[in-house]
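One chain, chain A, appears in both complexes that follow, with chain B as partner in the first and chain C in the second.
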Partner chain A sequence: MALSTHTTPTGFLLPSIHSAPPFFTQQPNPATQATVTEQWTKLILSYARFRRLFTLRVEDAETSGGDWDEVSRNPRINRRLLPSYLEYIISQLVAKGLAVYEPAKQTRSVQLYWRLPEEWAEVLHEWASSTGQLNTIMTFYEIVEPPLPSELSNLPISLLKKAIGILAKTARAQIIAVADGEGVRFLAGTSGR
Partner chain B sequence: MGGNQSVPKITPRDRAILDMKLQRDKLKQYQKNIQRVLNREHEIAKQHLANGNRDRALIALRQRKYQETLLAKTDAQLEQLEQLVSTIEFSLVEISVLHGLKTGSEVLKQINKEMCLEDVEKLMDETQEARAYQEEISNMLANNLTPDDEEAVQEEFRQLQALAAPDAEPERITKLPNVPDTEPVRVETPEPYVHEPVRERVPVLA
Partner chain C sequence: MILKSYTKLIDGTIPVQALLYDDEQLLGSQEGVGIYDGQQKSAHHQSGAIYVTTHRLFYYSNQSPHRYSFSFDLAHTTQTDYYAGLFTSSAKVTLHLRSLDDVADDEDDVTAGWECSVCSFRNPPGTSRNSQVCALCGVPRSDPTDTSPTSKSLPSSRSTTPFTSEVSCTACTYLNTASSKSCEICGTPLPGMHSGTAPPSPALKPISDYGPRLIRVSFRKGGDKSFYAILKRSLQGKAWEVKTGRYQAVKCPRSGHRFVASVHVFNFLRFTTVSDGLLRNAETSAQTSHSDMTESLKDLEAFMVKARDMVRLAQDLNERLSATTGPATSSSPHSSSLSSEPEEATFIRSSLSQLGLQMANAPVTLDMIKDERKWEEQLVQELADVIQDGDSGKGILRGRGIIGLDEVWGGWNRARGISLIPPSTFLTIVRQIKSHTLPPLDVRTFPNGLTVLHTPEFGEGAFSDRIVTLLAPEGGKTTSEIASFEDLGLGMTWELIQAVEQRGDIVRDEGGGGGGAWGEGAEVRWWANVFDGYIWDGHSFQDS
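On to the complex of A and B.
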């Protein structure tokens, strides 16, 4: 029974373990379970990175037609990820700091950190300098939906705010608020203090 | 940490710019929305036609036309707003250029003050005096030699010149063949050969 990798319609290469039926069931043995969880974590994060998905919900295992179908289901072996198992995997992601419950105080939906906020902060600052927009007032909308698609397109505003917060601590960004909304100004600053 | 010192203050001007940009964003989103409605009406019209409801289809198309005019108007307003924003940003740039020029000119003035003209003149004069003094001394020292000594010095100089120039060549021509006849010496030996006769003769003359 050779397990094979499989390329999804969107062009993502699923690892061979995805074709193994036991992958989709919670394992009684803690050691095996730890390895399997590790594999699921890697798979989920790399899929999210590939398709630039930021949210994962238990709901994605309950219903079909969402963005996560290619990963949560394997019709070729007639297996799918059960919601309870997904909830467990999600809690493990949060425990490892690779996701946060978003909105807070619930355990069904998380925001994935396939790139940590600190890394997003760097990407953000880098983008602002390379497009010559340092010291310019910018709106959040301008950043996540720029006329030219960039690394930051469609970034969730909450993640954007976290990244800006990190930059503000090293004096590389400044948040400005007016009656109608908020904006940010990126500064050259010095990396570090 | 003192991080706040490097962060510029948020001026009311900045807030005004932000406000305008937020308005611009709102317009852009409004445009996106209208575009979406446009597309949907198009689909609806097609469906109605397929179902044979010509009237409904016509209504949908009229809706669509109306939305298109809205879109055009929004475009015009958006352009105006964006122009205003860029003009303001440009004038901010101009202000900072002016500020830079002012600072530069201030610095130049300060430096010029330190370099006052009279001081420079005085310095040049003093240097000239010192140089003239130096020349006088050299002349006096030069004139301390009696005419006889001067003649001897000149003679020595002429000898040296004569030896250094023409003799060097015949010396080399005669000496070079010798080198292979004697021991297997390096090329260095001809050089002492050339120099030594010069040194020997000078004491003889003196």
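On to the complex of A and C.
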């Protein structure tokens, strides 16, 4: 049976593997499962990037109507991801450093790193310099809710803080206390790339 | 004197636990006590340990355990007092005693036990004083005077009744048992034979002459309060008294009717009917066992006749067949040792052919082949023949490519018929089968322990390749579909497929549809491994 790709209503091109029924079953063979986990990881991170999703929960496999329906279900072959399997995949994502449990100390919800904090730091610095925000003090809110939509729109504050922390280490940002919490000043510095 | 008449000497070197009656329990103990005999200190009982049980008090003397240790029946106690002690005076517990007349009974019964007049069972001592019923047959105890010959000299002249086991009725002259109060036949009261219940005339000087009837226990080393509490509990428990007034269901041994009777009626009925019933029971059971015995002996006789016939037949058979099959066996491949062939082998062989077990070769037994290695070789050859049976396809394999070891073993032994092969031997033999078979058979053990013999096409790689080609074009076959395709049993197929899965050549699909026809318990469908070598063909981003 030839497996074919499928374009979802949101415009995402699902890989052909998504229409293979075994894709939705946890494989007992560890070697096989490692391959499948890799493919799930790629799918989840691509979709997250495509839809700019930062959170994945086990609940997304339990109930329908969420952001992840197009990935966690395949009505064309009548398969869906079982919550137990999703929890396993999530744990693998965390193990590989591609996600962190958010909030910590539970295993049912993660923040996805479809860009690693280091990559976000670069994106952030580039955005600041390209929009002429260097040397000005900005609040976190101004960064994640910019008047002009940017790559940083809707970035979770916790992830933003991590990125700023990385920039601060290389002296390209400075965390400053402002009236309503914390702010940041980006400095020219030398690019890390 | 009070002490002397109410207590009994015991050997203080024996631990108290060894002196307890069957139904008696040790409740507590206290060291460092002294005993008052009446109002005076008892000179010999000033340092010892006291133990309280459900029935008795034990005093263990420290100075001279042999001579001054004693036991005291709590049944004598009427009342107790407790004195907490003042300055140098120790705490004391006083036991007020009833007069010995009220408790007239022989102590020897309690210590020595008694023998049942009906079943001769030796009842243990200590069964409560009033429950004079045999523990084995339930017959009430008859007058102790004529049933306790072991009793030592009686301390009091209790009963002057002459030794009579039967009493003649004044009205009808029926001989009643000595303990009956009235005639069993006509109900006429019997003359003065109530020896068991008649109060004995006390011959001893009344105890009251010696002052107040009391014994005191003085606690020199404390522990008095807890001891007194235990003593009180024991006295309230009255373990030495029988629970009278109970009602019991009684089954009449004659009519079989059940009715409820009070213990008194019950005891009376038992006495009159049970002894009779017991005798009759013994008679009938003896009769039945006798008839059973005769019958089984008859059977045995018949069986012996048959056995004799069998032996004669077998001997006859042996003689005749050794003559006829003698020349035939010389043509069999392993008859090199024919001349030295033991008699048993001949016998086995002849019985075999006689019973119609037509094998090309007679089964190889250890006594035919002396050399063990040669024997094994022969066995391997025999097994190979049994499994494949040349080209005829009639062997155990029956054209299949894979077969469980259990079936092989069963089939082989069925073919042998006699001198069965034990599993241990079978396992060593079966490992050598490969070189003797065509196509060569291999032994394979699955992870769950199932061991099979299989042709090369069921080897791990070959089977896996076949399954993958089967699955590749359409994908998604259930285990049963594969089983029917391969013409194998479901269990065997499952094992084989799991082995292929272990290799990573196939993957499973357990269903799990979103509320569709697929439930979570759906049958597993197998797919060729679609993940291996898969190249991402989904969404891609310009910069990655």
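Going forward, the second predicted complex is superposed on the first by the 188 of 193 C-alpha atoms of A that agree within 3 Å, B and C clash if a C-alpha of one lies under 4 Å from a C-alpha of the other, contacts with A are read in each partner's own complex, and residues count from 1 in each chain.
One rule holds for everything that comes next: contacts are C-beta pairs under 8 Å (C-beta built on N, C-alpha and C of every residue); 3 or more make two chains touch, one makes a residue touch a chain.
Small disclaimer: the values here were computed from a predicted structure and weren't measured.
Trainee: May I ask you to decide whether A:106 touches chain B, chain C, both, or neither, giving the answer as first, second, both or neither?
Mentor: neither
Trainee: Touch test for A:153: chain B only (first), chain C only (second), both, or neither?
Mentor: neither
Trainee: Going by the contact rule set out at the top, does A:21 touch chain B (first), chain C (second), both, or neither?
Mentor: A:21 sits against chain C, while chain B stays out of touch.
Trainee: Per the contact definition in the header, classify A:35: touching chain B only (first), chain C only (second), both, or neither.
Mentor: Once the two structures are laid over each other on A, A:35 reaches chain C alone.
Trainee: Tell me the contact category for A:176 with respect to chain B and chain C: first, second, both or neither.
Mentor: first
Trainee: Once the structures are superposed on A, label A:138 by its partner contacts, choosing first (chain B), second (chain C), both or neither.
Mentor: Once the two structures are laid over each other on A, A:138 reaches chain B alone.
Trainee: Which chain, chain B or chain C, ends up touching more residues of chain A in the combined arrangement?
Mentor: Looking at chain A, the partner in contact with more of its residues is C.
Trainee: Just to be sure I read the superposition right, which of the two partners does A:10 touch: chain B = first, chain C = second, or both, or neither?
Mentor: neither
Trainee: Does any part of chain A touch chain B in one structure and chain C in the other, and if so which residues?
Mentor: On chain A, the chain B and chain C contacts do not overlap at all.
Trainee: How about chain C: which of its residues touch chain A in the complex?
Mentor: Residues in contact with chain A: 473-476, 501-502, 504, 507-514, 516-518, 520, 525, 527, 529-532, 534, 536-541.
Trainee: Under the definition above, what is the set of chain A residues touching chain C in their complex?
Mentor: Per the touch definition, chain A meets chain C at residues 1, 3, 5, 12-18, 20-25, 27-29, 31-32, 35-36, 39, 42-43, 46-47, 49-50, 64, 73, 75, 78-82.
Trainee: Residues of chain A touching chain B in their complex?
Mentor: Residues 136-139, 141-142, 169-171, 174, 176, 178-181, 183, 185, 187, 189, 193.
Trainee: Can you list the residues on chain B that touch chain A in the complex?
Mentor: That would be residues 1, 3-4, 6-8, 10, 14-15, 17-19, 21-23, 25, 28-29, 89 of chain B.
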